[in-house]
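Structures follow.
Two complexes come next, and they have one chain in common, chain A, joined by chain B in the first and chain C in the second.
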Partner chain A sequence: MTIINDFDYVRPTNLKEVFKLLNQNKSAMLLAGGTDLIGNLKEEVIKPKLLIDIKNIKGLNKIKYAKNELLIGALVTFDDLIHSQVILNKCPVVMEMAKTVASKAIRNRATMVGNICSAVPCMDSGAILMVYDARIVISDGKNEWDEPVKKWFKGPRKTILKKNQMVMGIKLPIPKGDHSGVYMKLGRYKGEDLAQATCAVVLSKKEGIKISFGSVAPTPVRALSIEKFLKNNELNEQTVNEIKKLVEKEISPIDDIRASKEYRMHMVKIMLERSLVIAKERLVNPAPAYGISHL
Partner chain B sequence: MNQEIKVMVNGEKRKIEVKPTDILLDVLRNKLGLKSPKCGCGRGDCGTCTVLINGKSVKSCLVLGIEVDGQEVTTLEGLMDNGLLRVQEKMLEGNSFQCGFCAPGFIVMSHELLEENPGPTKEEIKEAMAGNLCRCTGYTPILEAIEKTCGCKE
Partner chain C sequence: MGNLKYVGKSVVRQDGLEKITGAAQYVDDLDFGQHLLYAAIVESPHANAEILKINIKKAQGLEGVVRVVTGDEFPYRFGLYMHDRYIFAQQRVRFVGEQVAAVIARTPEIAYQAAKLVEVKYKVLKPVLSVHDALGVHQDFEVEKNNMIHPDLSEYKHVPWFFPKDKTNIAHFRKIRKGNMEEAFKSADHVFEDEYSVPRYAHCAIENHVAVGLLDHSKRLTLWTASQSPHTQRHLFAEALSPLGLTHKDIRVITPYVGGGFGGKAGVSMEILAAALATTVPGSPVKVLWNRSQEFVNTYQRQGVNAKIKVGVKNNGEIVALEQLLYWDAGAYVEYGANVVNAAGLSATGPYRIPNVKIDSVCVYTNLPPGGPYRGFGYSEFLFGLESHFNEIAKKLNIDPVEFREINAIKEGDELSYGAKMNPNGLMEAIEKVKKEIEWGKKDKSSDPNIKIGKGFSLFWKAPAMPPNASSTCFLKFNEDASINLLISGMEIGQGYFTVMGQIAAEVLQIPPEKIRCVTPDTDRNPYEWQTVASHITWSCGNAVKRAAEDARDQILEVVHRALNKKIEDLYLEDEAVKSKTERDFNLPLKDFVINGIGLKDGTFRGGPIVGRGMYMPEFSSALSNPETGQGGKPNVHYTVGAAACIIKIDKETGKVQVPKMVLAVDAGKALNPDLVKGQITGGLLQGLATVLYEDMRFDKNGKLLNSNFTDYKIPTTLDVPDEIVPIIIENPQSDGPFGARGIGEHTMIPVAPMIGNAIEDALGIRMRHMPLTAEKICMTQLTRRD
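And then the complex of A and B:
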């Protein structure tokens, strides 16, 4: 398959040049891993006149932890997330999520920032970012500021990012004290597949429980009503049915080639129940180990 | 417009003229005559175009040729500089492939896996091969050959 539409390609080595090019070319696009972008170029979903490859910009491939906050740079790949000692120590559930992304050869290339810039509803990182109240670091070359992730997604493949802006990284505030997390991804089979539904739960002693779903609505969903319910109620055989009813209000899955909406709805309820149990277990024990499938 | 890129391909310095729109897979096959990476799906699903960039596996159908300027690209041809790899010998012994179209991808992936993790479990082998499709064999003989290569039990 070849790319029909012509474009120019540049690989600047500093950010100043990137923003100059972005401002000069309305139809320029940024290229990091390219695993979504090049597919879209081939299928003529996008027709940029210029590709700005940011892989030579220094400093964007770092994972840093400071002041209870994790910074994931724009060039950090999913494979980097799997092998990062910082991630493993501070929030292993990010590794658990990264392991479910596509396959090794894609993870070597694909970045988490690229994942949220593509903003395809079945993206893997959406639910995790929602559940951690992540902040997206945006720059226009003059200023740099954060936007909360709940404002970031505008709809399928739509974000608040403007043409002359670039995402520098993602900040994940890590709950103080002990916390545990669970990420579950439902696919048609084990191995490489896009998500039919995803579920992320973070449980901390100080901040309580946070719940989020992905791939079951136009954008990732934070299940605030369930979080509120669980503040006053324990998970048990009686309350589990009430929680499942709340799930129906929080998500709006669709029928598509990968699953029916009924199946998605049914499975999200089961995934949530299981995630709540595992999160609780993980808060006291290191088991079940992070990074293995729970489905 | 053509641009010249310098790439270390299979240990050899190469200068290649590419257009920005050229896909790495096509550059390797058509400009350099390296025919081991193949085009199966052209969208990163099947893994038969897998090559290594700076030692890390990528799907070369989702990389632009121009992106590898200044990088190191290794195809199966490069891995076989000193003859068959051990994993290939095991694959031959076990008759792992039928049509063989997916073989280069599987071999490159298993090479990367064993470089990163010389003693993988069966589950880790499956996980590493998850991005490669084989429509002939049902995978068992391929996975068994890799298991035999690293002497893995469970």
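And then the complex of A and C:
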């Protein structure tokens, strides 16, 4: 398929230039991995006059860990996340999520920051960031500040990011002490697919449980009522039905070409139940290894 | 046949090196120079509408636009078996995506931009989107003229074995009537009825359709196409464009390598546009390249079918009568698809011996994309219902489903539903071997309470569906070093055709296959081939190649006899040389004379370049029969049969299906290249698996396809391949096949859907009657079951 609309393409080497171009050109767009962007260009979903490729900006492709916090730079790809020793040591569930993104070729290009900037409801990164209470690092060229991920998503394909701003990276606070995580993605087959529904769970000995669902509401959902319920209750045959009832209040799945809302609702319940079991098992040995498909 | 040196061996693919190095060229790889023009197509947004007005002014005004073409310039119909398709829509559009006009421009970008500027005014009509609506409410299916999708149906030219019904939306009504149905059902101990449906599917070949046309200033029209049918394309182009004064000799079709066909590149679909558009810009080549979405919508789709099945059986499991009513959603144009309906109608008994048969196979126009050929040619569609239904019957009779099949399986000499006799076949052997390999009868249980394990079984058969006089030809030319170029016009579409044709010539001439190269078709040079479809090419073109090689051999022996005074009956070929049974030392290398002849003592030469010629046409086939009963002809040359089975694991909470093992046994007659047969078995099983588990075509209420992309139309990846695939080759020679071979290409996907359906039933006790059987459907059926 041909891109039929013309645009200029620049690849600056410093951030100053990036922000200068962003400020000068209202219809400019930033290009990192481009895996969403190029498709949108071809389908004429977007018609930018200028593409600013940030791949030549140094330092944005780093994964750093300091003071119980992980920083994932704007150019870090899903493939980087899969092969990062830091990720494997500190939060292997991020690797588990990254392995479910699209296909190998896409993961070589696509970035996690790009994923949350596209903010399509079926994205893989959303639920994981929610259960880590991630913070999004934003800059407008003059100032740099953090926003909590729960404020970031405003709706399908909508975020709080303004035209003259850029996401520099994502901060992931790592729970103190032992913690485990589970990411489950419902797809139509084992090959690359957009999620019909996702479920992320983080279980920490000190901080308790956090639960989030993706692709079952306009933005990723943090299931606070279930988290609260599990503070006072163990998962067992009696409570599992109560938890499943709470799921119905937390999510609002729709019918679309990928699944019916009934199937999504049913599957989120199954995925949550199974995730809770695996998360618990992963706090002790032996447990299912990270990075496998659970469905 | 004695010992075979090259046939029956897994010779390495002739096209392998070219393809893995990227040297192989496909149409879009060819360089047409800087004068190449690009076409963009203006498509109908409506499934059923009258075209009131087309305004091309704005489009024509855009800089870089060379020409804007509408249907006014090409008021012609064309088609393979029925002339019902238009080059451009005339007055009326019949499916979303139909071509209404085209823009030819200097760049693709300009062409697409200009296409958007073409203003088409429509009067939107209510689309007919189901077979049910198309057939109307009357017993005889008659509908009001304004509800006819083709009001001029009665004027359409078609092959003599089609029976369109005037004043209806029925393009072809194939009837089979054998025996006495009423008596048979009366004599049956039980009669079981049910309904099944199979939706539409897309081929999803990796290479998109593409065609480049060039009308040079001498009025020669050359087409470069990604095609399974270069000669048939030339013929259809010549027919369609004859009003412009073009004849067969003026038209040349060049077809390089093709990136997958599966039936989608058979006949002529979008290629007609390149042919027509080229005539509007003489001297400049024009490229028409389909994008993936057009690939889904405006080529062919596999047709959907609603099947009503009624079976009479005895308590001992013997089938006494079968009624199959098949209503096909054939889409807006059926020039090819109506023959799918015909083929299915002839063979809808499956590989079973059934004395009393009634089949209606009905080709119904709808306002959905044109239906057409797809691997399996209707057999996958009717077999889903039939093989599912047979399992249900066996269950009710308390007979093992495989035993039920063994009781009724067709044997050599049994009468087919149209009266001809069944050919030699290894169906019972296939059943036996598959049973053993899958450990039929042994129940497996998972330690995970959510996982249910099931086994499924299905038989299959298929005959090549082709005109009675479909033929193949081969020119075999020797080079100086006794290497060979085979000029043939079948297509190497991944199945290994070139390799196998090389092996056949190698065997006859005793030349190593690596010294033989097949040449991709150019209708100016390569001799006639009907089409690379119907799994007939190994059999039919194989015969032509064998005859060409025998012709060359005869010439070789004759010249040796003439030049050196040897007796022909003493001579034979071995190790690239002519040898003699009576003179141990006689050894004349072929390279010494196959071009330059044999020198005599007086300095003169005998012989000259050896060029073999071979042709094959099945002279015993006939499509003529009684239209009311289907009795009388021999429309099918032979059947290839087999059996298949699988083990599946289903997560009963999620509906997810895993396939630990699949087994398929096919009677290849003679496997000319066992590795390639195994490749076909693997690929076919996987393609079948996709149709049953993943592929799910969705149209909106206006007839627009919602998932014309791989984001939402899912075909399996390497991750979805079954854990184990066991291919089993059975060899009961086909007496008229090359070295006993018959085709196996399409067959390998045919049994997959019912055997998965049967395995699901075995695992969960639920019968799924409507494909596809996606995880979601299995899960929701399981959740809502009442027991």
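Annotations for the structure displayed:
In this section, the second predicted complex is superposed on the first by the 294 of 295 C-alpha atoms of A that agree within 3 Å, B and C clash if a C-alpha of one lies under 4 Å from a C-alpha of the other, contacts with A are read in each partner's own complex, and residues count from 1 in each chain.
Assume a contact is a pair of C-beta atoms (placed from the backbone, for glycine too) under 8 Å apart; a residue touches a chain by one contact, two chains touch by 3 or more.
All figures in this text were calculated on a predicted structure; none of them were measured in a lab.
In the superposition on chain A, contact is made by A:191 with both chain B and chain C. When the shared chain is aligned, no partner comes close enough to touch A:46: not chain B, not chain C.
Of the two partner chains placed around the shared chain by superposition, neither chain B nor chain C is touched by A:88. In the superposition on chain A, contact is made by A:108 with chain B only, not with chain C. Between chain B and chain C, B contacts the larger number of chain A residues.
In the superposed pair of complexes, A:2 makes contact with chain B and with chain C alike. Contacts of A:79 after superposition on the shared chain: chain B is touched, whereas chain C is not.
In the overlay built on the shared chain, the residue A:283 is in contact with neither chain B nor chain C.
In the superposition on chain A, contact is made by A:262 with chain C only, not with chain B.
According to the touch criterion, the shared surface of chain A, contacted by chain B in one complex and chain C in the other, consists of residues 1-3, 6, 103, 190-192. The residues of chain B lying in touch with chain A in their complex are 1, 3, 19-21, 23, 26, 39, 42-45, 47, 50, 56-59, 61-64, 66-67, 69, 109, 112-113, 126-128, 130-132. Here chain A touches chain B in the complex through residues 1-3, 5-9, 11, 31, 34-35, 38-39, 41-42, 51, 53, 55, 79, 99, 102-106, 108-109, 190-192, going by the rule given at the top. Residue ranges on chain A touching chain C, taken from their complex, read 1-4, 6, 103, 186, 188-194, 257-260, 262-263, 266-267, 270, 295. Those residues of chain C that touch chain A in the complex are listed here as 108-109, 112-113, 291-292, 651, 653-654, 656, 693-694, 698, 706-707, 711-712, 714, 716-720, 774-776, 779-780, 783.
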